[in-house]
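For reference, the structures are reproduced in the following blocks.
Paired with subunit B in one complex and with subunit C in the other, subunit A is shared by the two complexes that follow.
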Partner chain A sequence: MLAVSDLKIHYRTLAGSVKALDGVSFSVADGEIMGLAGESGCGKSTLGKALIRLEERMQYVGGEVTLDGTTLPIADDWAMNPYRFRKVSIVPQYAMSALNPTRRIGRMIDELLAARGLKGSTLRPELERRLAVLGLTPDVLGMYPIELSGGMKQRVVMVLSTLLDPSLLIADEVTSALDVASQKKVAGALVEFRDRGYVKSMIVVTHDLAILAQIADSIMIMYAGKLAEKAPTRTIVEAPAHPYTRLLLGSLPEVGIRFEDKRLPGIKGRPPSLLSPPVGCRFRDRCPLAFSKCVEEPPFIEIAAGHQVACWKADAHAQG
Partner chain B sequence: MLKVENVSKVFRSGAFGGKKAKVIHDIDFEVKPGEVVSLIGESGSGKTTVGRMILRLTSVSEGRITFDGEDVSALKGRALKSYYRRVQGVFQDPFSSFNPIFKVGRVFRTIRREFLADLDTATWETRLTGALNAVGLEFAALDKFPHQMSGGQLQRLLIARALVLDIRLLVADEIISMLDASTRIDVLNLLGDLKRQGLSIIFVTHDLALGNYISDRIIILQKGSIVEMGATDRVFGDPQHAYTRSLLNAVPHLHERWSDAELKDLGLVKDTARFGGRLVEHQPDHLVRVYS
Partner chain C sequence: MLRYLARKLFVYILTFIVAVTIDWAIPRFMPGNPVDALVSRIALMPDANAALTSYFMAAFNLDQPLWQQYLNFWSALFHGDLGRSIMLFPTPVTTLIGRAVPYTLGLLLPSILLSWYVGNVVGALAARRKLLDNSVLPLGYLLTATPYMWLGILLAWVLGSTLGWFPLAFGYDQSLKVEWSWQFFGSLLYHWVLPFASLFMVALGGWAIGMRNMIIYELESDYANYLMALGAPQRLVRKYAFRNAMLPQITGLALQLGAVVGGALVTEIVFSYPGLGWLVLSGIQNQDYFVIQGVFLFIIVGVLLANLIVDIVYVIVDPRTRVGLQGDAA
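Up next is the complex of A and B:
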């Protein structure tokens, strides 16, 4: 189980520090697939990355991350090494373009395993079995990345990332660049891996709420570096309590909705700059429900079992 | 207005161009004034190539493309310039359409120098302001650098750049795939408003929901062939071709969850690509490819 408390990560820039992650607390249970959604720049990818490796510009400011009862030394690049790949693993954004083009897939995987002090040949049977689970033949191991389609490469990276049965997998925009057909296969693969116990829990970072509605057990919505809402998938989709979640869902064109019949509203305005974020609720400027109390920051509180929201009007709003 | 008549495209590959690959097979459709036509297909279906041929960025191998009766491939010099005054394109990645070291206003100065040099400054500024207002941007936006703007804003600037020319056809190639859900809908609504004012749009996308939302007519491409086309509600409401159906089945819906079996069925979308066959009318304004 993953527990994150009051995590703060800033980016160092010439203009000052960008508060990309400004105090987030949540937990992911064993066996849970948690979807993490929000607009670009809301901090969702930063959160995903922070759990495995801080980039050069990312600065740990505070907070704690525990995985299966052990505190992860996320601020210490060197001390994190034993956890990476074995305990926490990631399928990064554009993973499919991250494969070494000059190596056959099999050899590249062996080299990566060797870098972690593991022997490729001992893991080979398991590797082939898992590729088969995702509908890939062992032949792909003898191919170069250029010979595979985007969806196939994405699945290869997924198998590789989870080969050591990590406790937590972070999947960052893994379906975003794919066609509907490949997207569905990759989404199915994520669920398959959880069901087979290859990974205990998963954080699926994406801006595509429709795909999360298919595979996630719970969905967490972020806005401008803060958590807006977390709830079981059905609740988020059918009875969201945060006005931002409602607007986000309302701006999705679904098959069957047409401009001629029903013009979807979208969300007016832009998220605030995180260099000097405004006090109070950060969604206040764009929120149709904003009132005087919103100058104070709303706490992220539980309004029903497993349903947390940061909005002063959430209680009343959820009923209606 | 725009007619694509039995167009095919052959690409040469190999060291001396010895190998030939036919990527577009005998495509035939028409775009009427004020109509939004979506070209939908997966990667490799040839949808982008069709858009590029219309914009003359890629040559046509067989057949012809005409705009108001004129063969587009034959246009040269002045005639070509006049074509670009009426037909423009906007592409997927807005960041790569701007030079990062110049302010975004530069693309408008280039447009003026190339196409509208005869306009006096006052008329030009009225026109520019009009185009910017149409996409919901302020004049001051021109004074920013590309990195100071969001993808959605840059994409809207590129649409404004096309509008300043008073174009009649816009080729929009995956222009909202890189944008956030909330910005996406803004750009889509903008296209809808422009269409109401009489602009024709060719909307190239792999996202069926987006194609459905905005377009009057749909063209489904598979491996370079049209497998189904017609009015949006007919094609999506009553899909006839196996490929169209499998694409529609793979679209995730918010309020309907796939069953476990459906989700894990890796063979759900089968490769049904077949060559040959012909398009027959299933009902008025709804053509389907059948193989005999």
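Up next is the complex of A and C:
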């Protein structure tokens, strides 16, 4: 099980530090697929990356990450290495270009495993079995990445990332670059991997709420570097408590409705700059329900079992 | 694969024909006439001069119309006959070239290959290592911007003239006999150092900078990020980056060959080194059509062959070109 408490990650820029992740606390239970959604720049990808490898310009400011009772040294690139791939793994946003173009796939995997002190030949049968689960023949191991289609490359990366049965898998925008049919396959594969026990728990980072509604057990919504709401998928879809979640859901087209003369509402305004974020609730300026108390920062509190919200009016909504 | 090579070969043959034509035309655009120069050197009486001129004109086939000379040139070419030198009459041009080629190749091959290899390694090491990068980068820019002959003159002045460590000119000690002896070989090597060093250093800077930039680009690529996210050690990531960064460097090698050959010619002149550059300079000074043609022809063939080899090597090292040739599976 993953527990994150008060995690703060900033980006160093010439203009100052951008507070992309500003005190985030949540947990993911074993066997849970948690969807992580929000608009561009809300910090969802930063959160995903922070759990496995900080980029050079990402700066760890504070907070703690615990996985299965062990504290992950996420600020220390070198000390974090033993946990990568074995305990925490990632299917990156750029899965199409994640494989070295000048190595045969099987050889690249063997070399990676050897570099991690494992033997490619002993893991080969399991590798081939898992490829077969996703409908790939062992032939792909003898091919160069350019010989595979985009969807095939994505599936190879999914198999490779989960080969050592990590406790936590971060799937970063894995469906974003795919057509609808492939999206469905990849989403199904994520659930399949969890059900087969290849990964214990999963964080699926995406801006596509429709995919999350199909595969996620719970959904966490982020806004401007902070958590807005986390709840079981059903609750988020049917009874969202945070005004941002409601507007986000309201921006989606509904099945069966023609949008010829009716415009999708969308959310007016833009998210605040994270260089110097405003005090209080960060959604205040765009929120239709904002009132005087919103200049104070709302705490991220549990309003029902497994349902946490950061909004002063959340209680009233949940009840009314 | 075969179709690819056939297409490449066609382009090379076309290039060859055009280059040979230009090679034939250029000496003939020079003002003056080689036979006049030859005759005036013999300096006979005026009426004898006229007879001698017409004799030599006929002997070198220079009295024929230009188109006929052009056709003669091609047909002789296919017989491996590059004509006889005018300045060193009657030595065949092929003999002169054969004498000069070992010196030029002895300079070119080691300087091209070593500078390429060392430059790539130094550049790869410098990438993402602050201290090394801060010294390699400015030094590399300085070296690559240096003209070949200028560096040659500088080396000759400092190491040859001022410090007296190395000889200033010639391919070997002129008091020695040309023979297979350790003494002669040592002298060859001793005279070789400075011209080699000037060629090597200029080329080194360019390769090091190119490699450094390519490695940084590769280390930021998606596959490198993915490997690092899966905990791959630096060693593996750098190994992949190095191999992939080599690909543009191989293309660069092909493009640079011509420039390096030109640089070698100038360097030989600076050091009075008895290679092709030296030969072509005396050919030009004496309006020796056949020597000029012959040397340039040799260089044309050499550069084209080297490019062809690089093309073939590229197909071997980059699977993407191979797949592209056979049709994509995706």
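Just so we're on the same page, the second predicted complex is superposed on the first by the 315 of 320 C-alpha atoms of A that agree within 3 Å, B and C clash if a C-alpha of one lies under 4 Å from a C-alpha of the other, contacts with A are read in each partner's own complex, and residues count from 1 in each chain.
We take it that contacts are C-beta pairs under 8 Å (C-beta built on N, C-alpha and C of every residue); 3 or more make two chains touch, one makes a residue touch a chain.
Since the structure is predicted, the reported quantities are computational estimates derived from the model, not experimental observations.
Placing subunit B and subunit C on a common subunit A by superposition gives a fit, with no clash between them.
Geometry note, superposition on chain A: angle between subunit B and subunit C about the Cα centre of subunit A is 70 degrees, to the nearest 10.
In the superposed pair of complexes, A:Gly150 makes contact with subunit B and with subunit C alike. When both complexes are overlaid on chain A, the residue A:Glu111 reaches subunit C alone and has no touch with subunit B.
In the superposed model, A:Pro101 lies in contact with subunit C only, and not with subunit B. Once the two complexes are overlaid on the shared chain, A:Val295 sits clear of subunit B and of subunit C alike. Of the two partner chains placed by superposition, A:Leu275 touches none, neither subunit B nor subunit C. Contacts of A:Leu252 after superposition: subunit B is touched, whereas subunit C is not reached.
In the superposed model, A:Ala79 lies in contact with neither subunit B nor subunit C. Contact with subunit C, but none with subunit B, is seen for A:Ile52 once the two complexes are overlaid on the shared chain. Set against each other, subunit B and subunit C differ in how many residues of subunit A they touch, and the higher count belongs to B. Taking every C-alpha of subunit B against every C-alpha of subunit C after the fit on chain A, the minimum distance is 6 Å. Residues 149-150 of subunit A touch subunit B in one complex and subunit C in the other. Contact residues of subunit A toward subunit B in the complex are 39-40, 134-135, 149-150, 179-185, 187-189, 191-192, 207-211, 213-215, 237-238, 247-249, 251-260, 263-267, 270.
Residues 52-53, 81-86, 89-90, 92, 94, 97-104, 111-112, 115-116, 143-144, 146-150, 157, 160-161 of subunit A touch subunit C in their complex. Residues 221-223, 225-233, 235-236, 240, 243-244, 247, 317-320, 323, 328-330 of subunit C are the ones that touch subunit A when the two sit in their complex.
Subunit B makes touch with subunit A in their complex at residues 42-43, 150-151, 180-186, 188-189, 192, 206-210, 212-214, 232-233, 236, 246-248, 250-255, 257-258, 260, 263-269.
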